[in-house]
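Naming follows writing order (A, B, C and D), and every chain is counted from residue 1.
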Amino acid sequence: MYSYEADKQEILTRLRRMEGQLRGIQRMVEENKYCVDVLTQLSSIIAAAHRVGEIVLQDHIQGCVKNALSQDENSETAIQELMEAIRRFGRA
Amino acid sequence: MYSYEADKQEILTRLRRMEGQLRGIQRMVEENKYCVDVLTQLSSIIAAAHRVGEIVLQDHIQGCVKNALSQDENSETAIQELMEAIRRFGRA
Amino acid sequence: MYSYEADKQEILTRLRRMEGQLRGIQRMVEENKYCVDVLTQLSSIIAAAHRVGEIVLQDHIQGCVKNALSQDENSETAIQELMEAIRRFGRA
Amino acid sequence: MYSYEADKQEILTRLRRMEGQLRGIQRMVEENKYCVDVLTQLSSIIAAAHRVGEIVLQDHIQGCVKNALSQDENSETAIQELMEAIRRFGRA
């Protein structure tokens, strides 16, 4: 089961863009760029990862969680799992 | 100016490992893996980016910021820049 | 509509404890306590607010959101609102 | 040693305002207000605590840390302590 079919291309595009950013940071470090500029690019990658995560999380709630809750089947497990994902994600 | 010379190899190793993780997440999405597992891997990338950022930040404080403060030259600018980096980074 | 009836006493107890901590921080500042100790207490208040928020959020999902999704009534609104709460909360 | 003398009144004013907000949240919970509104107020308290922390942190860097670094006395300890405070604070 997965719920992000409709956003799959957007998610993959964002992940590929993050890969490009990450290679950019490697180049910056190899070329001894200024620490604060490296930190700014790392913040930008983290923000991008949060954005992708929000898309996956929203799809998950609208798909998997909604199914579990509406069928009242495994709904307790679905909510526990969702809370853990939110917690892990919020603290990451 | 940059302050992470001593940790350069460790930083690059961590960034390359993150690139591997990022490609792993792309594969997971292509293969329609479960949303929560994708979220877990994204949390792991975010944690890894925070860890690299902490190394760069600590080196920056021990190097660039320490120099600016001890020479009392540009120390105001160095502190403002540091505070912005911490803020941006803490919120990312 | 609210969903935290069962946890109401625990939530109130935690909020009152936070109020005590907050007054403790005021005293520390009035008595010129060391900056890092003030910061540690502020981190502790933030962690406590996150913990209360997690309880309210879990109750909200198990109550209000579950109702909306299972009746497929206002389910779109409920999910949008939940996503905004998670975003605001994760970034706070 | 403490470094927030110049901002002491502002810090105390902000802490008292947070105490007022916290009592407001207690009232909301006692009156069974909507979960999402309670969460919004909790986010607002967290943001306020971060703002106070940023003031204390900036004063600490400009005062205690600057002193330690410029005298190159306990500078290693000052930086370790600062990094821990940033880490604890960023994750809180």
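Rule of thumb we're sticking to: a residue touches a chain if its C-beta (ideal position, glycine included) is under 8 Å from a C-beta of that chain, and two chains touch if they have at least 3 such contacts.
No experiment lies behind these values; they were computed from the predicted model shown.
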Between the pairs B-D and A-B, the one where more C-beta pairs touch: A-B
Identity of the chain that, by mean CA position, is farthest from chain D: A
Whole-Å gap separating chain A and chain D, where each centre is the average of the chain's CA atoms: 28
Centroid spacing, where centroids are CA-atom means, of chain A and chain B in whole angstrom: 17
Between chain B and chain D, centroid-to-centroid distance (C-alpha), Å: 23
Junction residues of chain D, two or more chains touched: 50, 57, 82, 89
Arrangement of touching chains [line / ring / star / complete / other]: ring
Chain D residues touching chain B - in the complex, by the definition given at the top: 50, 54, 57-58, 61-62, 65-66, 69-70, 72, 75, 79, 82-83, 86-87, 89-90
Residue ranges of chain A touching chain B (in the complex, touch as defined): 1-5, 8, 11-12, 15-16, 18-19, 22-23, 25-26, 29-30, 32-36, 38-40, 42-47, 49-50, 52-53, 56-57, 59-60, 63-64, 81-82, 85, 88-89, 92
